[in-house]
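One chain, chain A, links the two complexes that follow: it is found with chain B in the first and with chain C in the second.
Let's turn to the complex of A and B:
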């Protein structure tokens, strides 16, 4: 409708807008990476050069050797793995029920799941401190993972519900005809089809736990997760250690988001409508 | 296959019990704890919260952050969503890049922007080369509250716009192409098409994005502490301080109740403001 020359100017503006936004997302991650691998000399260098001379893996290794860092990273992995397993074990059956049955209370259950999203859930870790101290769960990765599961479970249930709903009921029914029990049909027919999506849901649960700061900080003292450790040492640790910690927090998440990118809309988009 | 009437209930039972224990119980506990003022009486904890030196500041900071971050990121995400819609080549790659911050925690986002904005950071180097400053300048301490606030806003927008984008892109995909084409046939310009077709059709997505982001934005904490330490108090930060440093779980609970009430009120407001009109429903 418009003259081609104007169209190409528009296209150019539009293309550079896209590029600028890509740089806006990526550049900051690159810069904290330089801080993490550059160590003290790079962080306090003035004015900065684009490529600090001190860049090396050793700088990051120095951070990992600090007392408590390695332990905190292990606690994070442990809490996130437990969260992943529990969220899926509890959430997937509920998702299957929502996808395959119409039953009284289904709407109520859906509503409860949605309601948890309108709540600042992590804050509920505050009163749990008292309970956890009493039953011996305080200051354990397992205790932290219980709260993180409460955060991840609603997502796991909704994601698996949309996954199972996308697998034709007829496939399952065919398996019943051939003599499979409901459980066998689920394991042999539905599960293999749902597996990639369930892996994405699991990874998502892992990331929720890995990134959570508040509940983890409130519920731990010695056995801190990486986020809790970083938060508590923020004011006393030198800048390059903070950047190394931040960078280590980011890297797994970026990889995970790449792995689940095909399921992003099942995770966030459609289920939240 | 004969289906037991109880099967669906057995399937949702584990999740329901778990959520009851770790959602409903602590919720009630928080409320009970907050009203347990000991000798100070029923509202003693709320009294202490209100008299807390940081209370007014933290309320103001939290609301200002929410009211700045959420509208800006909604606009940014809608813009990004429309850009993606027009893209033919490289859409997948751009979408992946733009959603990377989904995996970044608020703490890490704060540290990322600290790396850029600290005294000998990249922003100051840029300003130095542009001739604006000639020595490392501090932007993030108590004497520079405005730039400190802007830094937190930038970090929060950088990190949390991705989730809004995903919700909006999913919503845009659900709008039938014919609607826009029909609007064009009737002579609607681009702006009219956007305000009369795209935005109204996007309403459910906008609503869920707004609720999700507002609730989370009222919980803002780690990014603020990573960038400004205690120089910019926020509500969740105060709850954390009362719990960890003052070891006063009751006042912390009062803060928690306040944050929950604000979150629920915000959700109610959105549900009311963006309510579907009866005739718009299928």
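Let's turn to the complex of A and C:
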């Protein structure tokens, strides 16, 4: 895609499109930041300013002192890490198969992978809860991570499939010819080349789990993840504390996604430079 | 060092026959080129020998060992790929050393063999670089060095020069020939470029539609093709074929006669440079339609009894469009083909 030149009609449409999207994403983040750092006055002030009148870390500090926040954060990290590992361990082989082998129903398989995301979690919630209670997974970070793995798996498979497809088959064949078994060739040649992209897929799985709130809320009572915990705790607290909580939730996702944006663009077919 | 023997190898892709019961022997230390148009099965054959493709039937032997069911790693061969397939995450040194490291050779041997291969291919100065910093020609050298470093029994090359530009290709061709002669490795070389095959190979196997049409020295492939396909595919301009009729044990036309133990219609094949241009009444009447000055010679295209013929004339010959000349054929330098099968009689 070529960038339209500035000044032309196309340029204007392009520019305003970019502007709308930026506002769409940045405005809520800005407002949350304003509330988190500006405290009560910034939340209720109207018209809003770009920068809070008085900057303070009080609400963030108070928020971090709330009972159970650290435990919830730990649960979140635990669930997200488990999700990351499981999604990759299951997703990467699927991705490799999709990239390297032509088998009957490959296209259908590809479609089905994505269709798993079309199945509403709300319908699954009740049977899952019953099942989890029965097998003893209820109210554990591991139980939550199982559901999150199901959510992240399609993306892990699709991202790794495009990664592996981008590594020429000849490189693997050369490795075989020069003495590698299939597994050795994968470890010595494919993996090093795919590693940055695999890291991106892992981080993406982490973020999916970190952000997920519905399943986490339904499947835990005591051992809540941060999102689920905040949903219950903050619904009764003053607005600026909610903003502080929201801010802390957003930051890791934004940082991670920013770090791996190149690979996500590649996944979505946007040319990256 | 080892010979390659292929016995009755066939390959089917669904209903399509890619290779049909193919036999081929490459003797120890020999350089054989597999030459053919794209889709003739030459790369498939090479990949079957390497173990990268499964065969439908037949056997592949390297030396005395049947390697048909061994994985590529166990076949004791090396390969140079069309797009080089140099590992981008390894330095040139590690690329060349890759096969040796897989064989678990000691460090001193690795250093020595890599250095020797690198010297042979003149990539010594780049050993610490990554392939991304190299040109196409240099990468190809790395790929060849990687293959020679393991001192393979058999070297397979899949159109190794086709991604290089014309001048570099000419240079690499001459270099490859001297390097491989020195190494004395049994080599099977796939190409669709006849000049490459002619220039490099001890023997050429011309493939067409999954079978080997002819396997012989470059000279004999050129002058004594075994079928109309080989005559038409090898050489520029391609071989000319005239429809004639043999009778009473002879094949004869104006100014030409040769004994032939065949009756009825045949095709007479001759190379454009194997005819003498004489006066119109002394040979086959040749009406000049197009004259192309090629520098070293003139390429004449014209008609002989309604059939298109291309002949080569001296660059200073005084020939004009529309002239009728005589073609005098040399019985020792013609081939006679069966009209029906296209095979030499």
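Here is the rule we use: the second predicted complex is superposed on the first by the 211 of 273 C-alpha atoms of A that agree within 3 Å, B and C clash if a C-alpha of one lies under 4 Å from a C-alpha of the other, contacts with A are read in each partner's own complex, and residues count from 1 in each chain.
In this text, contacts are C-beta pairs under 8 Å (C-beta built on N, C-alpha and C of every residue); 3 or more make two chains touch, one makes a residue touch a chain.
Everything numeric here is computed off the predicted structure, so don't read it as measured data.
**Student:** After superposition on the shared chain, which partner residues are touched by A:135: those of chain B (first), chain C (second), both, or neither?
**Tutor:** Neither partner.
**Student:** With the two complexes superposed on chain A, say which partner A:176 touches: chain B (first), chain C (second), both, or neither.
**Tutor:** Both chain B and chain C are touched by A:176.
**Student:** If you count the residues of chain A that each partner touches, which comes out higher, chain B or chain C?
**Tutor:** Partner touching more chain A residues in the overlay: B.
**Student:** For A:192, using the defined touch cut-off, is the partner it touches chain B, chain C, both, or neither? Pick first, second, both or neither.
**Tutor:** The answer is second: A:192 touches chain C but not chain B.
**Student:** Tell me which partner A:46 touches in the superposition: chain B (first), chain C (second), both or neither.
**Tutor:** A:46 contacts chain B only, not chain C.
**Student:** Touch test for A:20: chain B only (first), chain C only (second), both, or neither?
**Tutor:** neither
**Student:** Touching A:168 in the superposition: chain B (first), chain C (second), both, neither?
**Tutor:** After superposing on A, A:168 lies in contact with chain C but is clear of chain B.
**Student:** Go through the superposed model and pick first if A:111 touches only chain B, second if only chain C, both, or neither.
**Tutor:** neither
**Student:** Based on the A-chain superposition described above, do chain B and chain C contact any of the same residues on chain A, and if so which?
**Tutor:** On chain A, the overlap between the chain B and chain C contacts is residues 173, 176.
**Student:** Looking at the complex, which residues from chain C come into contact with chain A?
**Tutor:** 50-52, 71-73, 77-79, 81-83, 85, 87-89, 98-99, 102-103, 146, 150
**Student:** What residues of chain A sit close enough to touch chain C in their complex?
**Tutor:** 168, 170-171, 173-181, 184, 189, 192-193
**Student:** Can you check the complex and tell me which residues of chain B touch chain A?
**Tutor:** Those in contact with chain A are residues 1, 3, 7-9, 11-12, 14-16, 18-19, 22-23, 26-27, 29-30, 33, 80, 83, 86-87, 94-108, 110-116, 118, 120-122, 124-125, 128-129, 136, 158, 163, 166-167, 169-171, 173, 204-205, 208-209, 211-212, 215-216, 218-219, 221-222, 225-226, 229, 236, 239-240, 243-244, 249, 252-253, 256, 259-260, 263-264, 267.
**Student:** Taking the touch rule as given, give the residues of chain A at its contact with chain B in the complex, in rising order.
**Tutor:** Residue list for chain A touching chain B: 14, 17-18, 21-22, 24-26, 28-29, 31-32, 34-35, 43-48, 86, 89-91, 93-94, 96-98, 100-101, 103, 105-106, 109, 112, 116-131, 146-147, 149-150, 153-154, 157, 173, 176, 182, 207, 210-214, 217-218, 227, 230-231, 234-235, 239, 242-243, 245-247, 249-250, 253-254, 256-258, 261, 264-265, 267-270, 272-273.
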